[in-house]
Structures are given as structure tokens and as C-alpha cells.
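Multiple structures follow.
In the two complexes that follow, subunit A is the common piece, with subunit B as its partner first and subunit C second.
For the complex of A and B:
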């Protein structure tokens, strides 16, 4: 038995990298379709967005992230935009407070709109200006939120395609941030707190959040107080939202996050096993060394 | 299986593999991809800031103000631009002190603007969420609320350094450490999940977009 613990202690870390790589690749090629348990923060966000269909107020989806966090956050953005478009909720897609987000918003926009229009080729197609609008990057961070809160059209007079916001169906009545039904900030940084601080506290606009798993723990405190209306946390949150879309409004598309959850589960099990074995090995070897001296 | 015919997908796959080659050992291909990434990121950022900020918010408005003979518009753009340019005085040893002015303006603006909403969002609402719960012994939520209250109070005790951590204070602070450790554990677990998600995202790209092995 001692040989086994000694082997573990001296194991080259590259074997662990390989094992983690295989734990990801094998479930992706041979999925075992692990069930997705849906948690209240995701349901609350889904329900809030769904309720906007009755109010007619637009939903603002902010892609406040860069390519480094897109595997977790892209599926969230796509799922939220799909949901809103399926329910005819007008959407304002905004790249957020830093320039990288604009590229992400363009990518997500193109992907979902192409997908929706392809699906609805003989029915209602999704039309720019009537169903969604894409805002450009505006430098200024906090000043942008406050500017939008006071006068939306003055802060962003034109959309990303050079049209006046006053001429577009989605934005013509959005004179200030308060005319927006809900802001969903999808971000891997602390920016959702900034939106909360200014959009919610100052202008009373509800905010929901989609965030990376790293930031999720921090945001539970704001969910508990009801400051965020709901949250998607990490790839699991995105998978939950995809599941809700499929179960409740029959959105049948490739569920990127749900597919990934098999690999996620496999790696988690592997990590739990190596953490336990690593700890046992540490204590056994420590005891063994103490005996020898 | 349908391998991509898109050159950009092949380039992205090549760069992904070169970056992951570091896991085996440091090598020249990894160094190449790393430097390419840094160079491309900086170049992209400069181009974006130049076109979307400098041109759009300084050069174009100044041109417009000059053409329309709009003196107020001209001043409203010129003054913040000069304040911003003062940052560059840091490159001179004798004139470096000028950079304190734009720093003072920025600090003053952001501090003034954020004090009220920051306190309201991060302190008042959080304290309210901790104490304003009507206790009902039959409800599980009430017990969670009580646990939350105990967690907040004991953790505050742990971070209270004006009194020696001995006796009642020491014992309460020890309970606080347990709460802090559990919070760190939850946070670390989430961090592992996030890092694994990034790996999954790249592998999905390689298997789906590049090699077409998975649907």
C-alpha cells in the first residue's frame, strides 16, 4: 500500500492534465445526458424576463465580457436572447462598458438572429429595429449608466449601425433607463454591481445577472436581499436556462451549456477523487516520515 | 465527421493547441502564441480607443464645433481633453507633478458620484437583508436567516482587531473563522468549475467547430 501512496506523491502532474483532458473529451464524444436540476435563481430570472411580454417594455441584454470568459457566458447570452425573441419581447443588445463586450454582442447577435430567422424562414422573421437593436460601445463606464438614466437618446444617439434611436421601434420610447423593463448584465467581472449601484439604486431599474462561476459566490449576497431579480451562475446556470427554454417554450436548438455539463460532472468527480487521494497520501507520507526519524 | 474548411478556424485551433502545449513543457510554439496574443490585444485596444474614443469624442466634435463656430461646444470638449492630456506629464521628471491634477479630478468625480449609491447598495441593503426577517420556527427559511445572522455577527467579530481575541470574543471569532473558511471553500469550488468550463469551451471548439466530431 505504501508503494501506492509513494507513487501518488511522485506522480508527474502532466498525467493529471492528461486525465482531466480525457475526462472532458470522452463525455463530449459519448454523452451520458446527465439531468439538469433547475435552481431558484435561474427560475426567478426566467420568470421575470417572461413577464416582460405582458408589459411590452424592452429587455436590455448586456454582454459585459471578453473572449476569455465566453465559454461560460456566450450560452447565457444566447439563451436569454432566444427566450426574449420567442416571446416577442423587444431587446436592446449592448456590449457594455468596455470595448471587448461590443465584439461579443455582435457575435451573439449574429448567431441567434441567423438561427431564429433560419427556423422561421416561412413565418415571421426577426427584423432589426422592430425586434432588437444593437448599441455601440460608448466610453465612460459609470458616466454612461448615469447618462442613460437621465437621457438615453443623448447618451447613445445612434445604434451600432448608424440609425437614430428615435427612428427605431424598439428604442423610440426609451427616453431614459427607467423605460427599460429589465437589465440582464452578463459579465465575468464586478460590473453587475456597478449596474446595481446606479441603474437599480439610483434609477430603480431591476437588474438580473449572468456570471461566471468564479463571481457567482459573491453575487448570492445580492440575490438574498432581492437586489438582483435572478442569476445564472456559471455553465450550470446557462444549462438551466437552456433547459427552461426547452421545457417551457419549446426552444429546440443545440444546447451548448447542457452538452458541456456531462464533461463538467466527469471532471468534478475526478477532481474530488484526486483531492481526497492527495490528502490521504499527504498524511500517510507525513506519518511515515515521522516514524523514520 | 466534417473538418472545417475555414482558414480562421484552423488558425484558432492551431493557436489553442500551441497554448495547451505548455502543459507538457515550455516551448517555442507556446512563446510564439503568447507573444502573438499580447501583441494582437494591445494593437486591437489602441485601434479601438483611437477610433471609438479619440476620434468620436474629441477630434470629430472639435471639428464640428469649429465648423459651426460653436464656442461653448468647443470649450466643453477642449477642457476635459487638456485635463486628460495632463496625464502624459508623468513622462517628464520636472513636470510630473501636473499629473496630480487629472488624478484629483477623476478621484473627486468618482468618489463624489459613488458614495451614496455604494453605501446604499453594499451596506444598507445588505444589513437590511441580514436583520429584517420575521422568525417563524416552522419555516426552514427562518432557520437559514438565523444562520446567516450568526455568520455575519461572528465573522464581524473575527475582523474586529481592536480587542484581544480571547475569552468570549476569541470563541466567537473562532466560529467566524469557520464561516469564512466555508465561504472560501464554496468560492474555490466555483472557481474550479469556472476554469473547467473554459477548458470545455476550447475542447468543444476543437471537436465541434474544427474537427466536426461532435454535434
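For the complex of A and C:
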């Protein structure tokens, strides 16, 4: 037995890399459709977005992230946009305060809109300007939020395609941030806090958040106080949102986050096992050394 | 001396105090002042991109001139930047520029995501080699981490209640302490900058 613990103690880290790689790849090739349990922060966000259908106010989806976190955050953006479009909630898609965010918003827009228009028959397709609008990147971070809060059209006079915001159905009545029903900031950084500090505190716009699993811990403080209306945390949060879309509004599409959760499940279980084994090995070796001296 | 130190310090002091005061005054004059300041910030923000580009070219051209062994990467970086910019600016279809979209979607996105995903390999290896319960605090951290990780997978759904409790109470208490600390730090640093005590942004000192 001692040989086994010694082997673990001296294990080359490349074997761990190989095992991690296989733990990701195998479940993606042979998915085992793991069940998804829904948590309150995701339900709260879903319910809030769903309630916007009654108010007629637009939803602003902000893709405040770069490609590095897109595997975790893209499914969130897609699920939220899909939900809003299914419920005929007008959407303003905004790449946010990161220059790279615009590319992400464009990709998400393309994916969902293609899927929606492919699914629906000709007369019921979604139309740019009437159902959604894409905003361009504007440098300035905090100044952009405050500018939108005071005068939306002055801060972003045109959409990303060069149309005047006053001519588009979705944005013609959005004179300031307060005219927006909800901001959902999807980001792996601390930018949702910036939207909270200015858009919510100063202009009274509710904010929801979608974030990476690593950053989720930071936002529980704001969820508890009710400052964030809800949250999707990590891949699991995205999978929960997809599940809610399927269960409650019968959105039957390829659930990207739910598929990726199989890989995440396998990797988490693998890491837990190696951490426990590593600790047992550590104590056995320590005891063995103490016995020798 | 006047332009390098006194004037910038004066501008920071006057504008810092003015922006602080205007936040509490909902008068049209105060609002118009804020709108002007917002415009200035956005314009200066755009210039920061130009400054970033200048710095990028400076660093990489110097590496190429010195002909060190990694200078090929600098060539790739400069060619990629100029190439993407030219394709974006000269492309005819604006947002629907096929070449630009494909370069972004099929080169930049996978490259960036791959770089970030490498982290998971290092995290797993580091967790195995270094995450040891050497004392009571480390043991508490280890047990909490295992519970939260299990709660985040489908098989661990029976732990959801406990995970939510950990996130909502102990985690929130710690996060709030950190946030209050950060907030106080930001106020202290801002005051030091406005009052001219902290001058490192002027360069040197």
C-alpha cells in the first residue's frame, strides 16, 4: 500500500493534465444528460425577465466579456435573449464597456436570431429594429453609463448598423436608462458592480447578473440585499436558465450549457477525488516519516 | 514646474471637488457641468486607445530591431493588428464583413478561450500537489471547497441547500468585509489624489 501512496506523492503532473483532458472530452462526446437542479438566484432572474412582457419596457442585455470567458458566458447571453424574444420583450443588445464585448454581442446576436428565424415561419420572424437592436462600442466606462442615464440618444445616437436610435421601434422611446425595464450584465469581471453603482443607485434601473462561477461568490452580497434582482452563476447557472426556458416556455433548442455541464461534472468529481487522495497520501507519508525518525 | 506639476495638481483638485459636489446638486447647471465632464471623459477614453496603440508599436518594434529570439512573435502581433484593422476599415459590408467576422470567430475567439482554459489544467495539478489540510484553517477551507464543488455538479444536488447557505452567510459576511475595506481604500486614495498627497500619476515620485 505504501508504494501506492509513494507513487501518488511522486506522480508526474502530466498524468493529471491527461486525465483532466479526458474528463472534459469524453462527456462531450458521450453525454450522460445529467439532471439540472434549479437554484433561487436563477429563478428570480428568470421571473423578473418574464414579468417584463407585461410592462412593455425593453430588456438590455450586456455582453461585458471577452472570448476567454465566452464558453461559460455565451450560453447565458443566448438563453436570456432567447427567453426575451419568445416572450416578445424588446431587446437592446450592448457589447458593454469592454472593446471585445462588441464582438461577443455580435456573435450571440447572430446565433440566436438565426435560430429564432429558422424556427419560425415567414410571417412570424423576428425583425431588426422592431424586436432587437445592437448598440456599438463606446469608450468611457463610467461616463458611458452616466451619459446613458441622462440622455440615452445623445450618448449613443446610432446603433451598430448606423441607424438613428430615434427611428428604431425598440429604442425610440428610450430617452434615458430609466426607460429600460432591466439590465442583465453578463460578465466575468467586476463590471456588473459598476452598472449597479450607477445604473441602479443613481438612475433606478434594476440590474441582474450572469457571471463566471469564480466571480459568483462576490455577488451574493448584492443578491442578499436585493440590489441584484437575480443571478446566473457559472455554467450551472446557464444550464438552469436553459432548463427554465424549456420547462416553462417550451423552448426546445440545443442546450449548450447543459451539455457542457456533463464535462464540468466529470472534472469537478475528478478534482475532488485527487484532492482527497493527495491529502491521504500527504498524511500517510508524514506519519511514515515521523515513525522513521 | 507650472505645467508639469502645479497646473495638473490644481486641475485635479478643482475638478475632484466640483464632481463630488455636483453629485448632490440636481440643478440644471450642475447637470450640464456633469454632461460636459462625461463628454470629456469619453473623449479622453478614446485617446487612451491611441496611447495604447503607440505603446504597443513602440514595445514590439524595439523587440524586432534588437532581433532577439522571440522577435517573430512581435512581427506576428504587429501584422495581426494591422491586418485586422485594415480588413475592418476597408471591408465593404460593415458589420457583415465576412472576412472580419470569420477571423474574429475562428481565430481570436478559439485562441483566447484556449489560453484561458489552460488554467483548469494548472488548477487541477496545483490542487493535487498543494491543497493539503496542514492545519485547522486549511482543513476548513478544504471541506468547504469540496462541499461547494460537489454542490455545483448534478450528483451533488442533495447539497444545494448547504451550498446556498455557505454562499449566502459565511461567504457574504467575508465578501462584505472585503468590499467595505475596498470602499474605504478607494475613498482614502481618492482624497489623497484630490488633495495632492498621492502624486504618482504625474510620473516619477
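Note that in this section the second predicted complex is superposed on the first by the 290 of 293 C-alpha atoms of A that agree within 3 Å, B and C clash if a C-alpha of one lies under 4 Å from a C-alpha of the other, contacts with A are read in each partner's own complex, and residues count from 1 in each chain.
Here is the rule we use: a residue touches a chain if its C-beta (ideal position, glycine included) is under 8 Å from a C-beta of that chain, and two chains touch if they have at least 3 such contacts.
It should be emphasised that the depicted structure is a prediction, and the values quoted were computed from it without experimental measurement.
**Student:** Under the stated touch criterion, which partner chain does A:162 make contact with: subunit B (first), subunit C (second), both, or neither?
**Tutor:** After superposing on A, A:162 lies in contact with subunit C but is clear of subunit B.
**Student:** Is A:28 touching anything from subunit B or subunit C once the two structures are fitted on A? First, second, both or neither.
**Tutor:** In the superposition, A:28 contacts subunit B only.
**Student:** As a test of reading the superposition: which chain, subunit B or subunit C, is in touch with more residues of subunit A?
**Tutor:** Touched residues of subunit A are more numerous for C.
**Student:** Tell me the contact category for A:197 with respect to subunit B and subunit C: first, second, both or neither.
**Tutor:** In the superposition, A:197 contacts subunit B only.
**Student:** Given the touch rule stated above, what does A:4 touch, subunit B (first), subunit C (second), both, or neither?
**Tutor:** Neither subunit B nor subunit C is touched by A:4.
**Student:** Tell me which partner A:213 touches in the superposition: subunit B (first), subunit C (second), both or neither.
**Tutor:** After superposing on A, A:213 lies in contact with both subunit B and subunit C.
**Student:** Return first, second, both or neither, reflecting whether A:107 touches subunit B, subunit C, both chains, or no partner chain.
**Tutor:** Once the two structures are laid over each other on A, A:107 reaches subunit C alone.
**Student:** A:37 in the overlay: touching subunit B, subunit C, both, or neither? Say first, second, both or neither.
**Tutor:** A:37 sits against subunit C, while subunit B stays out of touch.
**Student:** Which positions of subunit A sit in both the subunit B and the subunit C interface?
**Tutor:** After superposing on chain A, subunit A residues 17, 20-21, 24, 68-71, 99, 139, 142, 146, 213, 216-218, 221, 224, 234, 236, 264, 267-268, 271 contact both subunit B and subunit C.
**Student:** Note which residues of subunit C are touching subunit A in the complex, please.
**Tutor:** The touching residues are 31, 34-35, 37-39, 41-42, 45-46, 48-49, 94-95, 101, 104-105, 108-113, 115-117, 120-121, 123-125, 127-129, 131-133, 142, 145-146, 149-150, 152-155, 157, 160, 164, 167-168, 171-172, 175-176, 179.
**Student:** Which residues of subunit A touch subunit B in their complex?
**Tutor:** Residues 14, 17, 20-21, 24-25, 28-29, 68-72, 99, 136-137, 139, 142, 146, 193, 196-198, 200-202, 212-214, 216-218, 221, 224-227, 233-236, 254, 256, 259-260, 263-264, 267-268, 271 of subunit A touch subunit B in their complex.
**Student:** Name, in rising order, each residue of subunit B that touches subunit A in their complex.
**Tutor:** By the definition above, subunit B touches subunit A via 23-24, 45, 48-49, 52-53, 57, 110, 113-114, 117-118, 120-122, 125-126, 128-129, 148, 183, 186-187, 190-194, 196-204, 207, 213-215.
**Student:** Subunit C touches which residues of subunit A in the complex?
**Tutor:** 11, 13, 16-17, 20-21, 24, 34-37, 39-40, 66-71, 99, 103, 106-107, 134, 138-144, 146-147, 150-151, 155, 160-162, 213, 216-218, 220-221, 223-224, 234, 236, 261, 264-265, 267-272, 274-279, 282
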